[in-house]
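Chain IDs A, B, C and D follow the sequence of writing; residue 1 opens each chain.
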Amino acid sequence: MPSDLIRLDALNAMSAADFAASLGPVFENAPWVAQQAAAARPFASLTDLHKAMLDAIGALPPEALLGFLRGHPRLSAETLRRGTTAESTVEQTALGLDALDADLSAQLERLNAAYEARFGYPFILAVRKASLATLFATFERRLAASPEAERAEALAEISAISWMRLLDRVRAAPTGSVSTHVLDTVRAAPAGGLGVELWRREGDGAMTRILAFVTNDDGACDGALLDGGALCAGTYEWRYDTPTYFARHGYSTPARAYLGKVRVAFTVWNPEEHFHVPLLLSPGAYTTYRGS
Amino acid sequence: MPSDLIRLDALNAMSAADFAASLGPVFENAPWVAQQAAAARPFASLTDLHKAMLDAIGALPPEALLGFLRGHPRLSAETLRRGTTAESTVEQTALGLDALDADLSAQLERLNAAYEARFGYPFILAVRKASLATLFATFERRLAASPEAERAEALAEISAISWMRLLDRVRAAPTGSVSTHVLDTVRAAPAGGLGVELWRREGDGAMTRILAFVTNDDGACDGALLDGGALCAGTYEWRYDTPTYFARHGYSTPARAYLGKVRVAFTVWNPEEHFHVPLLLSPGAYTTYRGS
Amino acid sequence: MPSDLIRLDALNAMSAADFAASLGPVFENAPWVAQQAAAARPFASLTDLHKAMLDAIGALPPEALLGFLRGHPRLSAETLRRGTTAESTVEQTALGLDALDADLSAQLERLNAAYEARFGYPFILAVRKASLATLFATFERRLAASPEAERAEALAEISAISWMRLLDRVRAAPTGSVSTHVLDTVRAAPAGGLGVELWRREGDGAMTRILAFVTNDDGACDGALLDGGALCAGTYEWRYDTPTYFARHGYSTPARAYLGKVRVAFTVWNPEEHFHVPLLLSPGAYTTYRGS
Amino acid sequence: MPSDLIRLDALNAMSAADFAASLGPVFENAPWVAQQAAAARPFASLTDLHKAMLDAIGALPPEALLGFLRGHPRLSAETLRRGTTAESTVEQTALGLDALDADLSAQLERLNAAYEARFGYPFILAVRKASLATLFATFERRLAASPEAERAEALAEISAISWMRLLDRVRAAPTGSVSTHVLDTVRAAPAGGLGVELWRREGDGAMTRILAFVTNDDGACDGALLDGGALCAGTYEWRYDTPTYFARHGYSTPARAYLGKVRVAFTVWNPEEHFHVPLLLSPGAYTTYRGS
């Protein structure tokens, strides 16, 4: 989390012009969104700020909405060659659109042309969290959608793009945290004494261990984790030392345990939320889900 | 899988003396086990061969069984310094018993002394698949067990140790394989078109990708995997490209998928068996288990 | 399954006029659907026959499709008073639309009026499998849908209605069956020796036990169940004698088992399909899903 | 819950002689257990009281323990004919031991004789919650156990028997309650607006609905359920109106939902505990477990 992020209280206190200047590029070629949102201050959270910006778009009449959608750049090497906004350049380059081989490039152009002919505006995707596989899989599906359903999808992507751009600029409210809870389904009781680690994927793809603890008698950790502003958006992984736990309880001979260490990868896309990840564990099966 | 492994048909055909010489060290300081098993040939599988060897031990009268258990070396740095069988030296060294710090070494000695005083024979553990954490966790638990339960555990460990030593010497029958099967619980239907990879942990701890495929309409792969003798004992990991699958089906905006790529680590300890690993998948949860 | 159902081979062999007469009421006020489908004979299954009929509707131009949708009766007491097709009379009466109290009746009329004003055709729902709670919950949701999404839902309901009417008239191909498979996740192995029963809900709501068996070593039954034409559409329930299984394996003292007998209710809406219902079982948890 | 149960505070306040008289029959033919426990008063809960009684048994030297075990009556029709304690008469009769057919009776006698020859005391089982199937399944398994393991099982059954007899006499502390929590794994979010009922099995086997509510936005109910002393030991069943929930969210056409209403049966054997039952729900699968 860069230390130069704007604080919410600073955003709430600055002039409307400064506010609009700070958040102008959050929506592509639509600085008016930030200008309108300035009037809805103060915001208690980034979530509320984002909602106010989306409300401004939701209030557009159909023609203006179409113009707004058309203000987004096509996803293509050609867009990068011609130049686009700084944000889109970074995002499209990260996806590798500047280095597609000829086949993929031609396939992308065919999809772009078909999409624009069908819907009247460019295909919009939050590419920073996408891979090329995701791009093409999503593109094929959405090309076949109805105009109404597709407009809803395009707006959902714009919501995702603008949210990530907000996270680049403003410090989230310190309301988020993570937790886990392990239930031993052999004994129908919490799994205490289980070694747990939390890892985070860094920008270069490497995983860094950021926490390690042993579950308490309730199968959880004592207190909240990564709370008070420590939680950042990104990809995380819980790692559970299940072989040692099984050995301690005599559930399986260490040499013949079926399950290896259990890993659960999850994405924190809103660091103002709580991400609770339970694990239901037995020697022959496990289940994980997003709890609440 | 080393190419110099003995073939089962060669073992079945050789002289009893050669058979006993080949498999003598499989049970610690008990070459008579291999000698007796020679008479039960031919064996259709390593599993059958191992069972014949265990049956020989199971037939021991109580006093002889105690002597057999006492023939196992204590797990300790001292054992390594004094010298023990080649097999035990490799195994105990791999666990790091030659390099314990003073505290752990003293703790281990205390546990060894308490265990031997209580049960009359050394603590036996299949250390090759254990970590120090597993060693100590298991030791504490088993020290508190009843003599009968503990003897059963010691024999289970001897079964595991001898099995691994057999795998070092003899080529398994080509009956094993692996498979996976993915069910999409949103649609209550197989998850076709999902990218899947199979990775294997190498001796140095690195992971190597050994297979990649896309699930067919039944959510599985076409044909058996790693069959015909290709499956080795070891640790494997299925990796499922769930984000792309969710994006294709519109289950989640790629930028806001909760689940990352799903990984399921499992251990193949008997390469003559089939390891079937189903995955029940939805955007908010997944379950995996050992199927059949 | 009434014995006077028409057989598929009889349908395939009869004159086009007889075919159309037999299946005319399957689509409401649209006997032309059956007439067109007659030309696509022979059909190997009811599933194929139904698909041919739906294809005829799918080929309608927009105006004709709207007319077809408008041919469906409003769901209301008024429709029943005025009279409608025999099929709709039975279906709406079964739901209780002839006996709504004044409040619900008024609520339904408001919903009907709002729906028809918004979409231009009556609200269509396969009411035979619905309850009043389902009716109102679905109505509110669909009233808020987009015209395109709602037309797709209306057609899905017509598909469901016509399918049930087909099942009333024609004997399904004998390709369906049911099965179950129980995995013991404590031992990571199939749950053999478990008592299982299959119950079916009769027309009067009572449950009848139709099968009972003990799982084999693979945690399943020997052979297929309800195959060869014995499977009918309807609601079924698997009942597993888990307390006895847990007691036999010593997983829980019978007096202190957390789980009671496990019941899994499922609906067979296409008796030409196979319904496989696995159960993953441990003393503290269970998971069931539609397998394949 | 009979209104004439003794209150814990009354038990704590009465004379040691009255205490011993009140609880004398809780352990079969061992009134001294209650006499000893009187000295450990006051008890904050039935759980604590029971623990004090079990501690008295745990302190017995081996010979005295064997005598205590031998004080239990054989499970058989003969025992009932000859007469035994009032409690055992009720319990064995409820299981149907007075009305076994000749084959089962002979089988039971063979098992009893084999067991007593092997272990030196009668087979002890908490029969009130057992069925004949459970009785025989458990008997076969325990007959094959080691003496140590079997003594532990016999004591566990005595714990269960005496616990049920305590529940017949003393009102539990009002610390228990039940709850449920439903997660929608399609949306990775709580399942709000889901109809839930709680049913209880009455003495005659009939089910009575005791609670009905609709889940709040967190997928749970507001406040605790059956708290403040309302929770009794017994068998309960959660029933979830999943078809209506799926219809409201458009997950499945009501006519083609795979899952029927979900039922989860569970046993409250300690009404001073909290029983939390989560449900993870999607159209194609569900998972339930004992939470905490």
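For the reader, a short list of remarks on this structure follows.
Rule of thumb we're sticking to: contacts are C-beta pairs under 8 Å (C-beta built on N, C-alpha and C of every residue); 3 or more make two chains touch, one makes a residue touch a chain.
Given the structure is predicted, the values throughout are model-derived calculations rather than measurements.
Two chain pairs are in question, A-C and B-C; the one with more C-beta pairs in contact is A-C.
When each chain is reduced to the average of its Cα atoms, C sits farthest from chain B. If you lay the C-alpha trace of chain B over that of chain D, the rotation comes to 180 degrees, to the nearest 5. As a whole-number value, the distance joining the C-alpha centres of chain A and chain C reads 38 Å.
Separation between the centroids of chain A and chain B, computed from CA atoms only, is 38 Å. The mean-CA centres of chain B and chain C are about 46 angstrom from one another, to the nearest whole unit. Shown for chain B are the residues that touch two or more other chains, namely 183, 185, 188-189, 258, 280, 284-285, 287, 289-290. Looking at the complex, you find that chain A touches chain B at residues 125-126, 128-131, 133-134, 137-138, 140-142, 153, 156-157, 160-161, 163-164, 195, 235, 237, 241, 243-245, 247-250, 253-263, 265-267, 269, 284-290. By the touch criterion given at the top, residues 181, 183, 185, 188-190, 218-219, 280, 287, 289-292 of chain C touch chain B in their complex. Listed in rising order, the residues of chain B touching chain D in the complex are 146-149, 183-189, 251-252, 258, 280, 282-285, 287.
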